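In structure tokens below, several structures.
Each of the next two complexes has chain A plus one more chain, namely chain B in the first and chain C in the second.
Up next, the complex of A and B:
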């Protein structure tokens, strides 16, 4: 049963990936320009899902990690002009360090308290960006001298490749024994502890992995846009979008987060003619999905198939 | 002189913060719901009061705002929270996160709808009383004094309701032991209805007063929710008196910071205090655990 389910998922993913690879042959640069940020966004959502779906920790501040990665890389590049790769590594390291500093004491807390700490971390980071405006560019944002590439196709394949590899690693991790232990820690920490697993260590590791991918994606996104601003990488609204994407796609599926993220970004783009109301429509749709199909897109698909 | 000014302004702001947070904490204490559309509810009350004040005057506007706050609270309960709590396909242990996400989305919808109809620019509700009063040499808007008085009057009324009436005592019991209450023959869903009604009144009054005192814009619905949430956690989730103490800590910290350093940094000390308290004493100042 599991084999069939796994292989169906496998073929589905392969098909979608093939479509995504062939897409640049048939569509305009405009569509690619919409999809590139969506792919980075998908990585944010997947790393959030690892933390929430498996470790059972509600992280209200995915953008704390994303923002650290983005600003870490952006500021280093703007100040020193070092190669992009070095800046990205630095940004990712910043995100992991920040993540550990946040998680170490915060993991002693649980439920809403943990959520709140992560929420406050985002607010503090946003304030810091404003306070240290001469480095960060404040509310307007930071302009980065280097970009990954100015060619749409290169950017597109880079983003797609990055998303595919991150997805593969995160999905593999979630299905490995470490992922199962993590899930056990999330669902019943007492029992997991009784079985001899170190709950805190596993959760901390999950946080680090989540921070690694969020920070890396954030740093790369900066070099795609050429700018970093609180509105694109830190603001609570961005964090909310990440959470909605993961829940829409289906919790505990990792790959569902990709569907959710691409859907959310594309829906925002399609509804652009509605102006201000587009956010309203997207939120309403997400609310309806949560109320009536709480398992999300991929969760529902997999569930139906396993019943059949 | 400056000290007195800080004392007066801080008192009014803190009273408002306290009122805003009390509804939020009461809701959590009694029904276990963290309503992330809280800022949206206050926003609707303030904006309706602002709109209605043009045709029916300041007092009528305030009444309309209060009614709108209650209507929003009931809409939140019937359209979002209750369907999630009763859904069979949502696992019980995950209800909390679904309520959080659902009310968050609902709050965004409210915010966007308000922005669509009344733009994102800030609106100031017409104050109930105009004019300026002098307190020991500090010129204070009379409306500021009225705000503080009304906030405390509302909180006092809530205290009387909870401690002195039968329905209020049932409410208190529901926050301590809901199962025990049902064994005594109370219908828990009626209690929840009551707590949402009280919540609506509290959020409505807070919204209208906030709109008249500081002004509101659809952009700060999220900030309003976040500050109520922080105050409530600082004071201890579910503890009404803790929230009031926390509201005064935060209100005075912010006022002192904006007078002595700069209004731009007013949030920072209270956020750091919050982080410190949550690390050292996760149950909050007066929380029970």
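Up next, the complex of A and C:
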């Protein structure tokens, strides 16, 4: 039964990937321009799902990691003009270092305190951006001299490829032996320890992996936009969107987060004519899904099939 | 309690013990949960650690596993002192714990759950060794899960979930196996099968510690029994020896002869009883917590339900209070309680004083009491308070103190007083003596006696401590493994039901 389920998921993913690859042949640059940030956004959401769905830790501040990656890479590029690759590596490293510094003390706490600490971390980072405005550009944002490409198709395929590889790695990790241990640590830490697993070590590792992909995606996003601003990569509202995307897509599915992210970004765009009301409509829809279909898009699909 | 005479383990036992515990002590704040415990288990030996609820036996188990850190003492596993180590390192040192309540991974199959226990503690282990699959299957066959290897835990009956816990412990190949209440919730047939599996550990030369409430449940399986009470050593030896120990008998059955003062005439009154529980059953998931239980309480009666922890007392009370769904019927003053909310039942006069006390810890004694009497008029409330302060004088002197800062005995008195503020027609007391020292028990006992003699109140008391449950009772029910197994006069308890209880 698992084999069929696995292969169905495999064919579904392959089909969607093929559509995504062929998309630039048939649609305008405007649509690609909507999808590119959605793909980076999907990586944020997948990284978040690894922490929430598997390690059982609710990170209310995914944008802390994203923001560190984005600003780390952006500031280095603006100050030194070094190659994009070097800046991206630097930003990613910043995200991992910041993530570990945050997680080391936070993971000692249980219950809601981990979540609260991650929430406070975002506010701190946002304040730092304002305080060190001459480096960060403050509220207005930071303009970086380099961009990945000015060609829509190149940017599109780069984002798609990045998302696909990240998804493959994160999904593989979640289905591996390490993922099984991580899930046990999240579900019943006392029993996991009694089985000989160092729960703190596995959770910290999960946090590092999550920080790596969040930071990397954040850094790349900066070089797509050519700018970094608190409103796009740090603000709490962005973090909430990441969480909603992951939950909409389906907790503990990793790949569901892609569906959630693409849906959320596209819905926001389609409803843009509604103005302020668009946020309301999207949020209300998300609320309904979370209330009535808590397993999310992909979670519900997989669950139905596994029961059938 | 007099516990000064304790046999010293002889040297040969000490030198060959696979698990050696010495001077183990654990304090939670001011409470000494475990005091200077020492014992040793040889390879291939099964030791039963018994004691009533709150005796500290589970804490001993957690201290060995490293789930709690001891304040003092040594825990030596095969020559290595692991006291104070984190749990996962102690597990790697060769200790396995079979949990009573399991939380398996629900999205994974039984096989994958067993495989999990076979994995090394490595971060970069992406794929399990090919041998793991075969090993997992062999373990599943051994514990009787072979047929359900590819099923998910949620679809399994309760006994199979316990088997899964056992399988996970076996997978770690531990030198020392700790089993928490091995037979809780199992049928007689399942108990036999589990006993066989645990006896298998003996042949493999593992040291086994069974933790349970009474001697009876583990007597057939163990080589030795160690009894503890209030955190201290009480007796050690063969099952018969421990059962014959006067202190053990006193703990479980009460001191020599308990003065009882039943009023059998109350149960002879004509008409329907105040509370009638008929054929009530409760299921917790797949575990049968109550099975066709029928009891009744008449107006003015003091009825005790005696049973060990896990027998189903709290479940029975929660069913009466409308806190858990049940089958069968509960009739209160002629009307059925089915379909009424817990709040409406409480307003109808059934007030439960729960085992966990549920006090508002940061509020003062007075504020807790005022909340209990929130629906009374000012005059009534003052009168009631005066009466309660007379019943429990200690509460008057502590009126402004925060409830959470008081001792366990004082908190229990406050919990009872708050329940009485609600003017119950039926007061349900669930294990008021839990974790209290004998001297406090006496104070509490006097208060109950005054309550019984000076007011027409009806009381339903759940207890495992018979010394406390029998003296005031008019009638006694004995609850064991979700069923009522005895009903009668408290004076006849020791001779008729005592054996089943020990």
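Here, the second predicted complex is superposed on the first by the 308 of 308 C-alpha atoms of A that agree within 3 Å, B and C clash if a C-alpha of one lies under 4 Å from a C-alpha of the other, contacts with A are read in each partner's own complex, and residues count from 1 in each chain.
We take it that a residue touches a chain if its C-beta (ideal position, glycine included) is under 8 Å from a C-beta of that chain, and two chains touch if they have at least 3 such contacts.
Note that the coordinates shown come from a computational prediction; the quantities given were computed from them, not determined experimentally.
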Combined model on chain A: chain C and chain B, fit or clash: clash
Count the residues of chain A touched by chain B and by chain C, then name the partner with the higher count. B
So, does A:172 touch the first partner chain B, the second partner chain C, both, or neither? second
Per the contact definition in the header, classify A:154: touching chain B only (first), chain C only (second), both, or neither. neither
Would you check which partner chain A:191 touches, where first means chain B only, second means chain C only, and both and neither mean what they say? second
Touching A:80 in the superposition: chain B (first), chain C (second), both, neither? neither
Under the stated touch criterion, which partner chain does A:113 make contact with: chain B (first), chain C (second), both, or neither? first
Quick one: classify A:205 as touching chain B (first), chain C (second), both or neither. second
Running into chain B, out of the candidates 350-358, 404-412, 422-430 or 476-484 in chain C, is stretch 350-358
Let me check the overlay on chain A: which residues of chain A are in contact with chain B and also with chain C? 187
Taking the touch rule as given, give the residues of chain B at its contact with chain A in the complex, in rising order. 34, 80, 83-84, 87, 89-90, 93, 96-98, 100-102, 104-106, 108-109, 112-113, 115-116, 222, 226, 229-230, 233, 237, 264-265, 267-268, 271-272, 274-275, 278-279, 282
So in the complex, which bits of chain A are touching chain C? 1-2, 172-173, 176-178, 180-181, 183-184, 187-188, 190-199, 201-202, 205, 252
Quick check on the complex: what are the chain C residues that touch chain A? 65-67, 86-89, 91-92, 96-97, 99, 102-103, 105, 107-109, 112, 115-117, 119, 121-128, 150, 168, 172
Complex contact set, residues of chain A against chain B: 52, 58, 105-106, 108-109, 111-113, 115-117, 119-121, 123-124, 127, 130-131, 187, 236-237, 240, 243-244, 247, 276-277, 279-280, 283-284, 286-287, 290-291, 293-295
